[in-house]
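Structures given as structure tokens follow.
Below, subunit A partners subunit B and then partners subunit C, in two separate complexes.
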Partner chain A sequence: MNIRLELAKLLNLCFVFASAYMFWQGLSLFANTDSPIVVVLSGSMEPAFQRGDVLFLWNRNTQNKVGDIVVYENEGQDIPIVHRVLREHHSKSESQNKQFLLTKGDNNAVNDISLYKNKKIYLSKEKDIVGTVKGYLPQIGYVTIWVSESKYAKYTLLAFLGLSSLLGGE
Partner chain B sequence: MSKPVNVYSASEVSKTLDEALPSIFERLNYTESFKLTDTKLYIGYSIVVVSAVSFLLDKQLGHRNVIPYQQGLVAAYIILSSLFWYFKKYVEKSITYVGNEKKTDDKISICTRYEECEPKYFVTFVKNDEESSKLEVVLETTKVFNEAGYLQTDLLYNWFSEQLKIISLKKKE
Partner chain C sequence: MFSLTQRFQVVSNQAITFSLVIIAFVVASSWIQLLYPSNVFQNTTSAIANVTPSMTLRTSRYYGSQNGKPKENVRVSFDLESDFSPLFNWNTKQIFVYLTANYNSSGSINEVTFWDDIITSKDKALVQLKNAKSKYTVWDLESGLSGKELDFKLHWNIQPWVGPLVYGETDISGDHKLTVEARKKNTESGDAEKVSKRKKKRTKKQKVN
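Up next, the complex of A and B:
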């Protein structure tokens, strides 16, 4: 066995993961958010966004306007929620630059207070907001929902990836 | 004997010949030098380490707490990747074999390439990094593979030893 050849092959495999991850990390730093791309998981923003739409986020703005669509995460939960800003309060002095937001899904009957954790009645722009939606691609992310919700789809995808790596010699 | 290859695939033929070079030159009294491969592996694996550290930091401590470190790591990743690309394109080029003669310590570098749909193996020899000793030759691959697709190592060995003689004659001129 040629150890250098094997190491070079392993390196190519590592590069696939490393480059994908570092691209993501670079994008995160650029947009100043921990997840610059999210997939819409629920229908609460229909008809603006459908399940499976891919959203691009930006978090370098210091304040949001009423009407902005933002993504937030509740403390301790990793599920991003995409909703619209319904009401906002911000500090008078610009030095403090604090902002509190109340959100609501376009397709929901009531605002999000019942969704917020720890009996909060607002979100902090600084702490809770993951980013503001700046662009989207329709439906492309549906495959991730499909894979996470159906185990058959997961195995089909894994089998497909395995087969293609076995058969695609070069 | 090695496995048979599909002689109609120029890439497969060329790959088999590339892989045969070390054993051929071993028989011609050369020791392979791994300097280029090792440097490439070092740069490559340092890129992987940088990415792994970035991934672990993010997972363990959370993105918001490690932003300055991540900036450094992404910068390091970009620099190392450019270095890797530069090394592959301008330093390693298409060099497939570097070896030293056991007695005289003469260095030989061999670049190989192929063209699609051509039964030819283009070989460039450079002795002791001297431009004057450069020899470009084409090997008809049909001459070293038999009908079943087996590489005839002895024929290849003879061909290479002839080329080495030509180079040494060229140098004397």
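Up next, the complex of A and C:
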């Protein structure tokens, strides 16, 4: 066994992970949001977005317009919700950047008030909005849903990665 | 020489490059179709008429009421005509059209949706509504809507099969400005009675549940 070669392989692996992480963080910085790419998890925006569709977010706008599709997170919950802005209210004075939004899923019968926490009836653009949807790729994200929801898929993926790293020596 | 991972890498790299080229082509060609022969961002028109408001008082949080104070809720009925068929091209999955109203209140600028619709095919792209009811009941965040001047606009949003979302506004003609009249004083007590009755009903319902 050549230790130098094994170490070089390890370094290569680290490089792959580091560059993936850098790509994600760079994108976050560019779009000014925690998650610049999200996968749709529910059917509440059908037929526009189905489960597994990939959305690209942008969060450098200080205000949203009615009709924008936004991603928000409720306090204390890590589930991103993708819904459309139904109403917006913002202050007349330029200095105050506050905006209140009411959202609704296209496929839902009623607005989101029942989803908001702490008896809120509006979202705050500043605090609650993760980003505004700008771009769309169909279905590709289904892999992540598949891996996170089916343990067989997870083990298959892990087995594949493990095998290929074991067998992959030059 | 050629390991399993290497083969996999080469194949996946080629697949990614190939699909990126296809996506770029689809997006570019659909944008050209939106701009030529006629620019849909400027030439989509709509006509609105007979906008009539109706107001109720609600005390539920789901209708904007806070601390049990009755809240003015406004619905409108309206006639609307517009043709969205030029927005359909081979990268159009659906068009979301929405009728909004802008208004100013004491401290803020507001835009609210009264009606919206999803159009999934070109044959359904002609919108012709007579005496349609608004889908949503609208309230103001701070106070009431009475006395506010609503300015109606019809917007559209193209949801593509792939690529960026496209937004635009129609050039609206007709009587699109409407001032919501204040509620008459003598009906106020009547409204309040209705409200309290509704409250009683609701508490009963909750007990049953």
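Everything that follows uses one rule, which is that the second predicted complex is superposed on the first by the 160 of 170 C-alpha atoms of A that agree within 3 Å, B and C clash if a C-alpha of one lies under 4 Å from a C-alpha of the other, contacts with A are read in each partner's own complex, and residues count from 1 in each chain.
The rule is short, and it goes like this: a contact is a pair of C-beta atoms (placed from the backbone, for glycine too) under 8 Å apart; a residue touches a chain by one contact, two chains touch by 3 or more.
Computed from a prediction, not measured in an experiment: that's the story for all the values here.
Considering which of subunit B and subunit C touches more of subunit A, the answer is C. Once chain A of one complex is fitted onto chain A of the other, the partner contacts of A:17 are limited to subunit B, with no touch recorded for subunit C.
By the touch criterion stated above, A:117 is placed in contact with neither subunit B nor subunit C.
By the touch criterion defined above, A:34 lies against subunit B but remains apart from subunit C after alignment on the C-alpha atoms of chain A. By the touch criterion defined above, A:60 reaches neither subunit B nor subunit C.
Contacts of A:9 after superposition on the shared chain: neither subunit B nor subunit C is touched.
In the superposition on chain A, A:25 contacts subunit B only, with no contact to subunit C. With the contact threshold set out at the top, residues 170 of subunit A are in contact with subunit B in one structure and with subunit C in the other. The touching residues of subunit A, counted against subunit B in their complex, run 4, 7-8, 11, 14-15, 17-19, 21-22, 25-26, 28-29, 34, 170. Within the complex formed with subunit A, the subunit C residues making contact are 3-6, 8, 23, 61-62, 64, 66, 93-94, 96, 98, 100, 104, 107-113, 118, 120, 136, 138, 141, 155, 157, 159-165, 167.
Those residues of subunit A that touch subunit C in the complex are listed here as 47-48, 65-69, 84, 86-92, 100, 106, 110-111, 113-114, 119, 121-122, 133-138, 164-165, 167-170.
Every residue of subunit B that touches subunit A in the complex is listed here, in rising order: 11, 34, 37-38, 40-41, 44-45, 47-48, 50-52, 54-55, 58, 62-64, 67, 70-71, 73-74, 77, 81.
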